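One structure coming up, written as structure tokens, with questions to follow.
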Amino acid sequence: MREINEMLKKKVSELLENGTADRIIGWQAGEFCYDVTPAVMRKDNLDELFYNGFCGANQSKYLIQESLEEGKVLALLKPCDTYSFNQLVKEHRVNREKVYALGIPCSGMLDVDKIKALGITGILSIEDNGEEIKVATMYGDKTCKRTEVLQERCKVCKGKEHKAYDELLIPDEDAPEVPNGEDRFELVNKLEAMTSQERFDFWRGELSKCIRCNACRNVCPACSCRTCVFDNDNSGVAAKSNADDFEENMFHIIRAFHVAGRCTDCGECSRVCPQHIPLHLLNRKFIKDIDEFYGEFQAGEDDTAKGPLTAYTEGDCEPSIVMEKGGEA
Amino acid sequence: MQVNETNTVNTEEKEFTPLIVAFCCNWCSYAGADLAGSSRLSYPANVKIIRVPCSCRVNPLFILRAFQRGADGVILCGCHPGDCHYSTGNYYARRRMTLLFSMLDYLGIEKGRTRVEWVSAAEGAKFSATMNDFAATIHKLGPNRKLRDLRCEK
Amino acid sequence: MSLNTKIDTETIERISGVNTRKCMKCGKCSATCPAFHEMDFHPHQFVAMVEKGDIEPLMKSKSIWNCLTCFACVQRCPRDVEPAKLVEAIRQAVIRQAGENHLKAEQIPEMLDSELPQQAIVSAFRKYKK
Amino acid sequence: MQKIGVFVCWCGSNIAATVDVAAVAEAVKGEPGVVFATDYQYMCSEGGQSLIKETIKEQGLTGVVICSCSPRMHEATFRKTVEAAGINPYMLEIANIREQCSWIHKNKEEGTEKAIILAKAAVAKLNLNTPLIAGESRVVKRALVIGGGIAGIQTALDIAEAGYEVDIVEKQPTIGGKMTQIDKTFPTLDCAACILTPKMVDAAQSEKINIYSYSEVEKVSGFVGNFSVTIKKKPRYVNSDLCTGCGACMEKCPSKKTPNEFNMGLDNRTAIYIPFAQAIPKVPVIDTAACLHFKTGKCGICQKTCSANAIDFDQKEELITKEYGAIVVATGFNPLKPTKFDEYQYNQCADVVTSLEFERLMNAAGPTKGVLLRPSDQSHPKKIVFVQCVGSRGQSCRDHSYCSKICCMYTAKHAMLVRDKYPDTDVTVFYIDVRTPGKNFDEFYRRAVEEYGVHYIKGMVGKVEQVDGSLKVQASDLLSNDQMVLDADMVVLATAVEPDPTAKSLATMLTASIDTNNFFTEAHPKLRPVESPTAGVYLSGVCQGPKDIPETVAQGSACAAKVIGLLAKDKLLSNPCVAHSDELLCNGCSTCANVCAYGAIDYVDKEVNDHGKREVRHIAVVNEAVCQGCGACTVTCPSGAMDLKGFANRQIMAEVDAICK
Amino acid sequence: MKYSYYPGCTLKTKAKELSDYAVAAAKVLGVELEEIKDWQCCGGVYSTSKDEIASKLSSVRALAQARDEGHDLMTLCSACHNVIKRVNEDMRGDENFRTKANNYMAPDMEYHGEANVVHYLEMLRDVVGFDEIKKKVVNPLTGRKIGAYYGCLLLRPGKVMEFDDPENPQILEDFIRAIGATPVLFEQRNECCGGYMTLNDKELAQKRSTAVVDSAVRNEADCLITACPLCRYNLEVNSETKLPVIYFTELLAEALGIKEVK
């Protein structure tokens, strides 16, 4: 990771120097090494840039605004970020011309809560090369297994290939593998296998925790409307908070529906939810249904393919398939 | 014997009369409903029709809204696939509704509360039969409790 | 069903499941009936008379015993009226009354010949006896 | 705030019998915006319309709700009414309390309650209506007629007469249709060919008419005034420009064993053929299924014979795309083939024929040169039985539920012609009802009975049997309550009229509707009989329902009048209920354009003023002349920027709220 | 392929050969017929009365038995086929009847029309295939002119029986061709033989059967084949015109070369 960090710094300053871009969206260290914030940096403050296992945030959404500004912006895209990037380019939200995309490798992002849960506290710095993670803490050096502390979404990594870039920091084939291989639909399957009442109870339990902070919406690269329907007083459904069970349900159903066929399954919604609602399970249900009903589809795989909800075939299944196929009553 | 059966059904219905919202496309299903009317083919009075130009005009928000406000069932009727007045509208509606219904099921909402039926302008009898059947299904399911705004309770 | 029960159109329509009002009076049932000449009332008359409520004469007719139940009228009726079902319903209405069995067990021996399959006897009992 | 007037129609007793109309008017009085409510016997009558107009003026109404029959019936009427009183025609909503309420409910309490809710929903929607102004689109001054039978020819001739270009697309090698196969026409008994062929010639010679024979419609796009149609010209393998129609190729063709369609398969034709002598165009076609050149590659006699060098074995299918302002469907019919009616022995016995086969047997250009001979042994039939209603008026799967309308008359014609030509022939007609509504029709039928001595027996035929070369017909005689067995030499089945099998796929292409029998549906069963519900698509002849020749011609001309009315316009007002994108909300994501079937959404870079902030944005703009108002884009738009005028999100939700209250 | 086989009363006595040849021929064709346990008489005729329950229960029992054995129910006698197939249709489509029948019988598992009723001829046509039979024929009946007598019960009512075109059936003719003989079409092949009328109005039965045989004779048939013992009786005994009447299974056995073996 250290080498990559060095390579990256070198590459970025080179690109800014030679005028390929005039600024970069990168990560800045916060108070702690795991407390990373995305930031726009220029030549003068470039030394603040760094890249480690806590740089999980999907930065492609910031490009919507950045690509409207003067000059070209340098974007650092991990493989999974390129899906969102493609999707945004496809929807004309990001002006491709104004972005120089540098593909950076990723060996899986870490979940600090999981590290802490292992009893490792007082974290000072981290060395995440290979299978083992070395953590320097106030109480001495500790180690843990990478697989134990990977973010949930990294366990179902889409792979190390960048789907869009102007340049790659290192060739994809030389990049590290993320140890994945879990079935991303495992929990969806589990829910589907429950009875209707059990599912209802599960989701009531989860969604009733929603405080309508809009973190999921704000982080989501697909949820990028200028004005959200829920903020538009003329839409008839605007609301700042959930008044009751129904509104908790509706907000999340509609949010999932609006990103259906466009969601790249980046998992940011669940990552940022302060209430730890597994929101990605709503999106994944749509992804699973789309795959099953209309054929495999990965949003953001490229920047041209028609989304499943803006396409059809004459022989599509009827909605009644839900009666036969959906979860148990 | 028949008389008796009708009576029992009636008394039961008094306890629970389901409210059903039917979105009908203007070209086929709304015309089918008109044909059911001019053929005097009855269906329950608690089925209320909202005219939309095409089944593809129906936003999932409308369906959720109906449940929020107290509907017990929502049915969407459009031209048969291939016969859409706008040639392709119902194909999009079909995908949208399939996914929406699947999501509602995933959230634990009873499957039978939502339905899509394709009813042509010539299918007055089918329209009436569909509404009767749907009303019976909803009657069996009982009142919508899982997807409603309790503030809207009478 | 006692002797005194009045057999009306509704009863016959209920037993048979036939809606006589679907008839368009084309006469194809009677045109196709292989037992036509052995009947005093003909298939199309069954439909018309049941519709009118004129059922007594049908109950007394020999037609109800002579219908072959060959279903030619049912098959060929363009309106799906199924006259044979009316004949059957009226026959049932008759034999269900006390003492109205058309065929009695004691009659059988004299009718037998060595070739007669028992299927014939079973069928005849079903048709003519409670 | 709107000032709304609500008018509740009794529709005589149609509504008032099951809906307490006064109670409905009373109930809506408290609704927001409602300043006036009343009931009236017939809102659509002049009195009713005057009441609306006067009230609008007196009360200063801004919108009107009419509780009446289906908007599909009178929405246009009432739009005109309110417009005449100075209100925008789209400030009108109709609550359908007849078809969707009074006609289906018997209980008055229930009906009234529902009517009140429907009325309140209409009021709730109207409160959110805004005045809409219709856009304009151009009209291509050319019509397409699909089908070149008598209906299509008549329509084409009349349109051409008015000075507009017309193209006829006919799938057969010649125009003329079924009428070419008919011998004589009722009730005048003049020869069909004598009255039809001059019209065919007129069509061919008209400068305004262009005939695409042996061609089919492949694809249709566009909308009223602006259709784009792709026509597939099937290869004839004969160059029409070079062919002189001399017929030498046909004489020499060695493949002579193909059943002749024109004579209903009662004789044979060659592989290269002209269907009949008066065919237009008089250019042969090669039937590749029968042609030895195409089957074995060995023959080429026709090519060698043709002095004009017109035979072209390499001819290819050709696709032509043209623009039209109006499309006329004139696809006509086929007689049912009674293969499922074997109680009449049609499959087994050559002497059981259909009526159209019988026409050919009586026709001078037919297989027997007009001498009536039995197909089985070429003898003169002495006893002929006609059976009516074969495949019509039934409910079983082999029957059609409708009356084919023309069979009674053509059977009377056949019976009369036989008796006239061969007075020693005994003719019996079995009928269920004899239906002769038409000028001089019943007189014609009576003449058959009284003057020509045709036996009419009320009753159906149950079974036909072949006994020693003759036919035994077992039938009912209902009036004498008898079952009779009649000897016959020939049995003629009056088979049902069926819409052409292409009707269904064509209807799909045109987005026009067809009924359960595959007849095209007219826009209004009484008042708009020659228009389809799809604007710019018109119906001529039997494609809409069974008709005889005079009716077909009348409808063909009526259809032409409608087409001329359209083509005479320079511009069309378009439906203003179209999509509209809110430029401040639009993300410019183009998802809406992906689902638009009409290509009505463009993306432009446009300067917008977002609350004082001016910037250029890439946003969706709807072409209102092209948008058809389906609303597919509105649901695909996540931000809700795209909405549909007249059926806006807020309006539909207001209806939902009113209904679910 | 295995079927639950319902022979019916007459096939155990007067019409034993109809069944014996069928079972033997099936074996040659690779089809196993396993007689269902404890079957009872079907009643011979189906009552069209909606309120007749008891007389249909024996059919329901046979059907439920087949369902439990996991096979389709095979019939051979036309009358049994007609009765059982129609009762099955009632069990599928008539809720009132289904409920009452299940209430009467109180079976371990309620019957809802799960079993399929297949006639032996349908099996020959749809499962074995006439082309396949043709290949297995060792003794083609070349030159025999055979009239196929369908009668009423296999064909009508067509919308329930779904056996063949009720006005122009072909299955027996195809069968006759498959065994190498020539089918003879005759108009009365689907008209009634007189049926049980032989016990009520002998004259009518004679009239009907004579009409059928006359029609066959006129069309130059050497013999008639049938699938029904009562048809055979009427056509042989009651017809005034005489013509040999044979069960179709006997001809099948002959063609397959197993007639003597049985």
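Per-chain numbering from 1; labels A, B, C, D and E assigned in written order.
Operating definition for what follows: contacts are C-beta pairs under 8 Å (C-beta built on N, C-alpha and C of every residue); 3 or more make two chains touch, one makes a residue touch a chain.
Not measured: the values here are computed from a predicted model.
With contact taken as defined at the outset, subunit B and subunit E are each touched by D.
Here the chain-to-chain distance from subunit B to subunit C, counted in touching steps, is 2. Distance between Cα centroids is largest for the pairing of subunit A with C. Set side by side, the interfaces C-E and A-D show unequal numbers of C-beta pairs in contact, with more at C-E. Distance from the subunit A centre to the subunit C centre is 77 Å, each centre being the mean of its Cα atoms.
Inter-chain spacing, taken between the CA centroids of subunit A and subunit E, is 69 Å. The centroid of the Cα atoms in subunit A and the matching centroid in subunit B are 38 Å apart. Subunit C and subunit D have Cα centroids lying 46 Å from one another.
Counting partner chains per residue, subunit C has residues 72 touching two or more of them. Looking at subunit A, residues 229, 236, 309-310 sit in touch with two or more other chains. Shown for subunit B are the residues that touch two or more other chains, namely 60-61, 65, 82, 88, 92, 96. You'll find the chains touch as A-B, A-D, B-D, C-D, C-E, D-E. Remark: subunit D residues 343, 389, 393-396, 399, 432, 458-463, 474-478, 481, 483 touch subunit C in the complex. The touching residues of subunit D, when paired with subunit B in their complex, are 70-73, 96, 98-101, 103-107, 110-111, 113-114, 117-118, 121, 507-508, 511, 513-516, 521, 533-534, 577, 595, 597-598, 628-632, 634-636, 644, 647, 649, 652-653, 655-657, 659-661. Across the complex, subunit C is touched by residues 8-10, 13-15, 41, 43-45, 47-52, 55, 77, 79, 152, 155-158, 166-167, 191-192, 194-201, 204, 208, 211, 229-230, 233, 236-237 of subunit E.
If you check the complex, the residues on subunit B that touch subunit D are 19, 21, 26-28, 30-31, 33-38, 40-43, 45-46, 48-54, 56-62, 65-66, 69-71, 82-89, 92, 96, 120-123, 128, 152.
Contacts from subunit D toward subunit E in the complex involve residues 339-343, 345, 347-348, 396-397, 463-468.
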